[in-house]
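Once you scroll down, you'll see the structures, which are given as structure tokens.
After this come two complexes, each holding chain A, first together with chain B and then together with chain C.
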Partner chain A sequence: MDFLATLFTDFGAQILSTVTAAFAIAAIGLNLHFGYTGLLNIGQAGFMLLGAYGFAITIRFGGPFWLGVLVAIVAAVIFALILGLPTLKLRGYYLAIVTIAAAEILRIVGGNQSLGPVTGGVAGIGNQVYSPAFTALSPFPQDGSFSLGPYTYPLTVGDSWYLRIVSWIVLALVAVLVLLLMRSPWGRTIRGIREDEDAVRSLGKNVYLYKMQALILGGVIGALGGMLFVLGTSVQPDSLGRSTTFLLYTIVLLGGAATVFGPVLGAVLYFMVIIGLQDVVGQFVPPEIMSQQQVPQFGYIVVGIGLMLLVIFRPQGILGNKKELSFGD
Partner chain B sequence: MLVAALGVLSGLLLPALPAQASSSPTPSASSSAAAGDSSAIRATATCAQTDTTACVAGTLRDADTNPVRGATVTLAAGGTPVATKTSAEGTFSFTVTAAGRYTLSLDESTLPEGLTPGNGTERTITARLGALSPAGFALEGAQQGGETDPEATPQGDTSAFGRFWNQVSLGLLLGLLLALGAIGLSLVYGTTGLSNFAHAEQVTLGGFLGYVFAVQLGVPFVLAGVIVIVLCALTGTVQDRLIWQPLRRRGLGLTQLMVVTIGLQLALQYVYQFIFGGGVRPVSRTIQANTGPLNITPNAYIAMAISVVVLIGVGLLLQRTRIGRATRAVADNRPLAAASGIDVDRIIRLVWTIAAGLAGLAGLLYALVYGGIAWNTGAELLLLLFPAVTLGGFGTAFGALVGSLVIGLVTQLSSLVLTAQLRYASALLILIVVLIFRPQGILGRRSRVG
Partner chain C sequence: MTDAKVSGTAVRADDDYPWDRTALRSELATVSQEPGATKPQPILAVDNVVRSFGGVTAVDVAHLEVQRGAITALIGPNGAGKTTFFNLITGFDKPSSAKPRFGGGNGPFATWRFQGRSLGATSAFRVAQTGMVRTFQLTKALSAMTVMDNMLLGAKDQPGEHILTALFRPRWKKREAEIRAKAEELLVRFKLDAKKDDYAGSLSGGQRKLLEMARALMSDPAMIMLDEPMAGVNPALTQSLLGHIQDLRDRGTTVLFVEHDMHMVRHISDWVVVMAEGKIVAEGPPDTVMQHQAVVDAYLGSHHDQDLGDDSVLDEDFEQAKAQEDAERGERTAAEPDGEKA
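Up next, the complex of A and B:
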């Protein structure tokens, strides 16, 4: 019974956490690319990393908070333009290879020691560098903490209620934005592009332009997710690599591609599975078989196999509609 | 055919084996107590393990795989530590007379400018009598040729041309190893249209199986190599039978299949980490000095020779044999090939088998030449394989070879002007530039691009 109580407490903590919200936001951005427009972007982690760097580096060099956010967004727009201009006219998988390559270049360059004074190299940029600019804007008192049931967090500083509330507000805003967009003519057009590019073109729409807009918008949403993610942790290039992108795909496909709330549901479920694994392994599996350090590795194995099984057996995920699939050729 | 190629070369291989070891300790199952008396440790120029002594030895290399000399390495087992400096070839070696656990540490302050330990400066080594325990430290960054200690010249010269030539030979080596992986990737794409993101994990598999057979089980290297390649090729056959053929029959789209390979890549990579941990695992235990006109280790020459022979063999197979013609026919036009009586499924299975076998060979040779294999080696190599295949033209075997050589040379030569960490970035940049200006690649055909 104790075990179950701990498990459900941990579930709650993880669901509330910034990381879940940040991944859900980035997944919504990816869903805009992959689910709605049919763009195979395998570099969403690159957008997250760019958002994180843009934000953290601006503040590191004395910029105000909002300038940091602006820089993050502009950086994501430029990155999307660079990726999209050469590839959006080519067949889908060229975008896939270019996005994964570009995201890896970002990660490698960011982790390069010679850029240490700017990016902090492999060690990255610590949370303490940029989070004061964020906590200074808090409406709550700077000190003190607050308990809600079993969850006690500081009000403003560090892993706080403030950060959680902001994350979930941003997530809600992004979800509503996507919901409204998908009901608009613009949303119908990009879904049309996914279904049949030539048909949309024959209606006089500039397919290239629409695809580019979708790539930019999804990328900016990804950058927002990256910013929130590093506000809860720290900027480390290697924590936002390919595995993160693959994770986001699993989240999108689990919840349901081309649905507004699929990515959110996927993120919550994914983190519940990981926490469940951690608790179950810690409780029941002897360390000779699997140590606590191996749990994240096992988690990734589960994600990889889960991704394969989802694509093969239930490509529409939990909430998706089988007719709305971006898996054309 | 691979087996035959290895067999032919085995006479050549035997005297030079085993190879350098610059990697973390083997996780020996015996959990003996820490070795007592430190007087039993001696720093020796070369290591001769007998029945009553054991060796702890390794090579320090920077991220460019150039040896690091003059760094202080210390071995201790409770008592007074014994220190030694790495030789001009970057090697260090200790002879110990008691089995057990030793602590090997690296003095960070004695590293040449620009190098930092990538993964800590202490290792626990388990020494066994009559055996050599390979040890090493991962170093990040590359040495600047001009800044190193002038008195002890390393092998070769540090002149501009010397460094250039050094990088050219390293580039050729890397390019040939990449080609082994790239041809399989390209053949699979050519015959099935699938961009297999999990292909490089087959390379890692070759390296780890080499570690299991050659080091853990102590099988002679050449025999181990043959076993590894056969096993790797079988994984290709089985994979096609269990996963890819059923999925083709289900009518999954290519995009869907590609996402499946992404999932497989992620799963396999972490399966390796789960089983083998985070360290670098060697496939062989002796240390070799650089030699010859290319200034690389004897094993590297052998690896290059094997690559060339195997690549020529694959080329002949594709060009001259019935099966090769059938393969090219399937790649050209699958329905037409099927209509003219070619068993397409059989050809595709053969392609998967050859691709996985070649990738396994690449991983084995990679581990032999670069001192070992790690769980993420394949994932890193994938970042070079895709540019290589795209550059040469997706789906063309000869293009994959040309592309690999170009990528190998570019990545190694770029570290003359860029820091070593950025060399993958330069390969990826080439990829993007190629896709912008000539998306079909050097040897590809226009019609392949959508």
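Up next, the complex of A and C:
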């Protein structure tokens, strides 16, 4: 009984956490690319990393908080333009190649020691550098903590309620934005492009422009996710690499591509699986067989198998519409 | 025709256009039946459109005019370049003879005018916006969207298709209701109204053809270009498709359609353009153009009146050739008696 209580407490903590919200936000951006527009972006982690760098570096050099946010957004827009301008007129695979390569370039350049004074090299930028600019805007007292049931967190500083609330508000705003867009004629055009861009072109729509808008918007949403993610941890190029992108794809497919709330549900479920495994292994598996450090690796295996089963037996994901995926090619 | 003028949604404003089919046809009867003939009221005029793939010239059209308000059929055997020509003038492909963007090159460059607007270097979506909407040979229904969404996507002037306006529903709600009403009307006309909430992917091949045509009509195009509308459609549906095409013409839309079945063409078209090996080889009214020597040659080959199946022809040729060969050999052996031994 104690174990179950711990398990559910941990589930709750994980659901509330900034990491879950940040990944849900980035996954919503990826879903806009992949699920709605049919753009095969394999470099969403690059957008996250760029948002994190843009924000952290601006504040590191004395910029105010909102300038940091602006720089992060503008950097994502420019990144999307650089990726999209040459590739969006071509077939989808070119974008895939360019995005994964560009995201890797960002990560490797960011981790370069010669850029140490700016990016912090491999060690990155600790969150004590940029967090104060964020916590200074908190409506809560700077000191003290608050308990809600079993959850006790500081009000403002560090891994705080403030950060959690802001993350979930941003997530809610992004979800509403995507919901409004996808229910509009703009969203209809975007989905048409996913189905057959030549058909949409023949109906007088500027397909290139729509694809570019979707790429930019999804990328900016990814950058917001990256910013929130590093507010809870620190800017480290290797924590936002290829595996992050694949994790985002897992989240999107798990929850259901081309749905607004699929990525949110996917993110919550994904982190529940990881934390649940951690608890179960810690409780029932002796450390000689599997240590706590090995649990996340094992978690990837479980999620990978889960993803395979999902693609075979429920290709539309949990919230997806079967009909939207079961026809055509 | 008059009631169509009243109730039809696609009636053109200009009044000098001959609405009456017989009047239209009699006017077209005066047109010379030469390739590239001048039409009384051309809606589309094409010049020097050449497209080559490597060394093969797929399309080489020196001049073509399409009469406003008429059903013009573009026919020709397989590989004549009909679809390529379609792709070129709708902006889905670029002519090899296009004027280079940064100058240079030798003319004549490809130019074409649609309703007085030059379309030489226009992207496909802009061509569609000017009122020349096409369909595809392999139907492009948007399978994972409903029939209704397919239709709504065809409409123009929807402010909600702009990313910022899209966020404010009141700004596009009214227009959405208008185009929805229009879509319902068109779906009824094409007998797809019962299917409007189904996914387009669940429609039959023929229904998809209908949907594609109806979707193209959502923007009230001045000219609709149908690429093999009858391909793969069962005979019963063919009849109704033919009816729809004639109905379009009667409502004032110019129709240009590709087909290689001449029987269909004879039924509905007012004017026929015949392509073969990339060139326009003949033009004329459907009942006379078929007798044109160039058309017969294009379809049946220029040796069609020689019966290749008749053995006597072959035998005669064979005997002749053999005799000649023998004679040659005889001469050779006589001339060089030692040659073979050496």
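As a convention for this text, the second predicted complex is superposed on the first by the 323 of 329 C-alpha atoms of A that agree within 3 Å, B and C clash if a C-alpha of one lies under 4 Å from a C-alpha of the other, contacts with A are read in each partner's own complex, and residues count from 1 in each chain.
By definition in this document, a residue touches a chain if its C-beta (ideal position, glycine included) is under 8 Å from a C-beta of that chain, and two chains touch if they have at least 3 such contacts.
All values derive from a computational prediction rather than experimental measurement.
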Clash or fit, chain B versus chain C on superposed chain A: fit
Contacts of A:283 with chain B and chain C, given as first, second, both or neither: neither
Degrees between the directions from chain A toward chain B and toward chain C, using C-alpha centres, nearest 10: 90
Contact breadth on chain A, by residue count: chain C or chain B: B
Which of chain B and chain C A:203 touches, first, second, both or neither: second
Partner chain in contact with A:181 - chain B first, chain C second, else both or neither: second
Touching partner for A:145 - first (chain B), second (chain C), both, neither: neither
Touched partner set for A:292, first chain B, second chain C, both or neither: neither
Chain B versus chain C as contact partner of A:307, first or second or both or neither: first
Closest approach of chain C to chain B (Cα atoms, Å): 11
Residues on chain A lying within both footprints (that of chain B and that of chain C): 326-328
Complex contact set, residues of chain A against chain C: 177, 180-181, 184-189, 191-192, 194-196, 198-207, 213, 217, 323-328
Interface residues, chain A side, partner chain B - complex: 40, 42, 86-87, 90-94, 96-98, 100-102, 104-105, 108-109, 111-114, 122, 242-243, 246, 249-250, 253, 294, 297-298, 300-301, 303-308, 311-312, 315, 326-329
Chain A contact footprint on chain C (complex, rising order): 90, 92, 123-126, 128-129, 133-136, 140-145, 149-150, 152-154, 156, 158, 160-163, 166-167, 169, 172, 176, 199-202, 212, 215-216, 218-219
Touching residues (chain side chain B, partner chain A) in the complex: 116, 140-141, 195, 247, 250, 252-256, 258-260, 262-271, 273-274, 379, 383, 386-387, 390, 419, 421-422, 424-425, 428-429, 431-432, 435-436, 439, 449-450
